[in-house]
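Common to both upcoming complexes is chain A, partnered first by chain B, then by chain C.
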Partner chain A sequence: MNLSLNSFKQIHSIMNEQDAVLVYSGDFGQDIIKSMLKYAEEKLESSGIDDLVRRKIFNVMVEMLQNISKHQFVDDKSGARSIFILVEKENDFQLITGNPIRQNIISDVKSRIDRVNNMDDEELKIYYKETRLASRISEVGGAGLGFIDIARKSGNKIEFETFSLGSDQYDFFTLKTRINKNN
Partner chain B sequence: MTLFCSELKSNRMEFALNLQKIMLNDNYLIAIRDNFENLLIKSVLNITDKKIQSEEIELHVKNRIFSVIVECVQNICKTEKGSDRKKDSVLLLNRINNGYRIVAGSKIDLERKKRLSELLTELSGKSVDKIREHWRFALTDKKTMDVGKQENLALIELFLRSHGNVNYFFSDEENEMSFFMIQIEISNI
Partner chain C sequence: MERLIIQATEDTPGIDFSLETKEFKITGRSLPEDVTSFYQPVLDWLDQFEASSGNQCTLNISLEYFNTASSKLILDILMKLEDIHVEGKNTMKVIWTHDARDVDMHEAAEEYSELVEIPFEIIGT
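On to the complex of A and B.
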């Protein structure tokens, strides 16, 4: 078996183990994002998923893909790029993104996610309004609403992990959101 | 590996980093695992189109890539309706030095394995001209009208579209099933 069939087997095996149905790695331009959303929309439509759940998945996916598009750094040392993974488990869908992140902003990102994760629905609603009113557009075009939006729309806690890339500037940041199939 | 306290509660996501590394190493662009029962082909082609449109490839190369993807999705990856709905089929696209590589895989029974194996061995030993002759013959031959004709024609088409750049592999599994992988390379030239 040659090298590419070997890596194919590895990818297939990881996708099987993790129940991943779509994996995309590379540049996250607007055209690619639109195509992936279209794919997800058609896939969910044909799977007979409840309308409300479908809308939730779609909205969270938009938010996560926009998020990754704004923060798609490339770590020159490891070559690491951004990745998007759609997972379908028996009881939920999971949206996972991974991207190189500057080490000096990790603690800020962590505390923003922790803050959102510690809020209930009502607190999130208020926090969203406050943040929107006080927001200034950042240099990458975000208004700081991404994590709040993801938490509100998914109805679940945001999970995250960071991994070393062996770089002195970047780590690999993974973010996961679950959307329950039965609402 | 850095771990924060709040991260300890979450399930491990290291597989995302591993997938990213494998995909980066072999220049994979996209991986889809599905039953391919539904009409996803249009959006699969759409993603491929957006992915390769920036690379200024010739229209005829693009058409060959699309034809190969369509044949793979409709014939190799497609699982029987009514069978268990496990997503056993995978389609991957990757960029290689002189073109693109499409890899498709699906779980098949041993009877299908035998039929495909015989045909693939036969096709692998032929020149492109001979494969074209084989294709013309298969179109009209009544014997090939029965079991698997569509799939046989699809495999011949894959050889023709790639000018014979086809590799395949069977990996036997439990329950008298085998995992069939086929790799088709489309050159830019």
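On to the complex of A and C.
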């Protein structure tokens, strides 16, 4: 499909209005992830934000990006690609990922996020320790600790939503975390 | 026993384990794509070390970042060292150094120290 200059203008104005630090859509391999992390880190460092906030963003970003790289697949039918956005708002930084997800694992993913969202700091700490002790590194190289760690480091609830891709196998899954500027 | 040296990269830590200096070091950042294959040489080296005796060794950890998968492997390493320490042929000590301002890293180090029965020192610099 031809990209009209009007659509292009819309993309540009959304990125501007939203104060995007980084927007990426495409394949999420480790090399791309490293480049994104490096870029975000340098950009945040030069913007003079608090060191601790920068570390938290980096940590959460690693988990979110590696989550996609470990679980990504291409839904050929819809052609939906994975996406990552980091925006800076007045009081916080917001990190959002979107990726196609198999419909049959959605309820499991949702219940895992709901579970950490219902815990306070102390409960999360205990849950992290217990899960790590019992964890085995999966085939794709995960420890099953990502959501717990994101919840702990961000100190905020994890927001998520799914959208239909018009497929009978895949939906589009979006995940959002916020990291406060003043902790 | 041969010294184990792995150079640090932007997503993998530097490893320097030496029985000669009695110092085992893990430094830098640990967010490899495949943690199992990255840390396998370290665990293999510790298997060999377990067969030795009469050594007083220190594990120095100084990490700026680690991902959750690495966090599991670091626990595996610490538990392996705990076994060795408890067996009594070799004694172990852990020194975890972190940026004094990094409260998340301090908490992470504390949580490890609560899990393993090895003398454990946490230093904020």
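Criterion: the second predicted complex is superposed on the first by the 175 of 183 C-alpha atoms of A that agree within 3 Å, B and C clash if a C-alpha of one lies under 4 Å from a C-alpha of the other, contacts with A are read in each partner's own complex, and residues count from 1 in each chain.
Just so it is clear, contacts are C-beta pairs under 8 Å (C-beta built on N, C-alpha and C of every residue); 3 or more make two chains touch, one makes a residue touch a chain.
Keep in mind the model is a prediction, meaning the values are calculated, not measured.
Enquirer: When the two structures are laid over each other on chain A, do chain B and chain C clash or fit?
Expert: On the superposed model, which is not a single observed complex, chain B and chain C fit side by side.
Enquirer: Looking at the overlay, what does A:M64 touch: chain B (first), chain C (second), both, or neither?
Expert: After superposing on A, A:M64 lies clear of both chain B and chain C.
Enquirer: Does the superposition put A:T162 against chain B (first), chain C (second), both, or neither?
Expert: A:T162: touches chain B, not chain C.
Enquirer: In the overlaid three-chain picture, which partner chain does A:K38 touch, first (chain B) or second (chain C), both, or neither?
Expert: Both: A:K38 reaches chain B and chain C.
Enquirer: With both complexes overlaid on chain A, does A:L52 touch chain B (first), chain C (second), both or neither?
Expert: second
Enquirer: According to the stated criteria, A:I179 is in contact with first (chain B), second (chain C), both, or neither; which is it?
Expert: neither
Enquirer: Scan A:K110 for contacts with chain B and chain C and give back first, second, both or neither.
Expert: Touch status of A:K110: first partner only.
Enquirer: Which partner does A:A151 contact after superposing on A: first (chain B), second (chain C), both, neither?
Expert: neither
Enquirer: Figure out whether A:L133 sits in contact with chain B (first) or chain C (second), or with both, or with neither.
Expert: In the superposition, A:L133 contacts chain C only.
Enquirer: Hey, is it chain B or chain C that touches more of chain A?
Expert: Per-residue touch count on chain A favours B.
Enquirer: After the superposition, what is the least C-alpha distance between chain B and chain C in whole angstrom?
Expert: 14
Enquirer: Can you pull the chain A residues that chain B and chain C both touch?
Expert: 34, 38.
Enquirer: Would you tell me which residues of chain B are touching chain A in their complex?
Expert: Residue list for chain B touching chain A: 1-4, 6-7, 9-26, 28-34, 37-40, 42-44, 46-47, 49-51, 53, 87, 90, 92, 94, 101, 103, 105, 167, 169, 171, 179, 181, 183.
Enquirer: Looking at the complex, which residues from chain C come into contact with chain A?
Expert: It is residues 10-11, 31, 33-36, 65, 67-69, 71-73, 75, 101-104, 107, 111, 115 of chain C that touch chain A.
Enquirer: Within the complex, which stretch of chain A touches chain B?
Expert: Touch residues, chain A against chain B: 1-5, 7-12, 14-18, 20-26, 29, 31-32, 34-36, 38-39, 42-43, 46-47, 79-81, 83, 85, 88, 96, 98, 106, 110, 113-114, 117, 159-164, 171-172, 174, 176.
Enquirer: Where on chain A is chain C touching in the complex?
Expert: Residues in contact with chain C: 30, 34, 38, 51-52, 55-56, 58-59, 62-63, 66, 69, 125, 128-129, 132-133, 135, 137, 141-143, 145-146, 148-149, 153.
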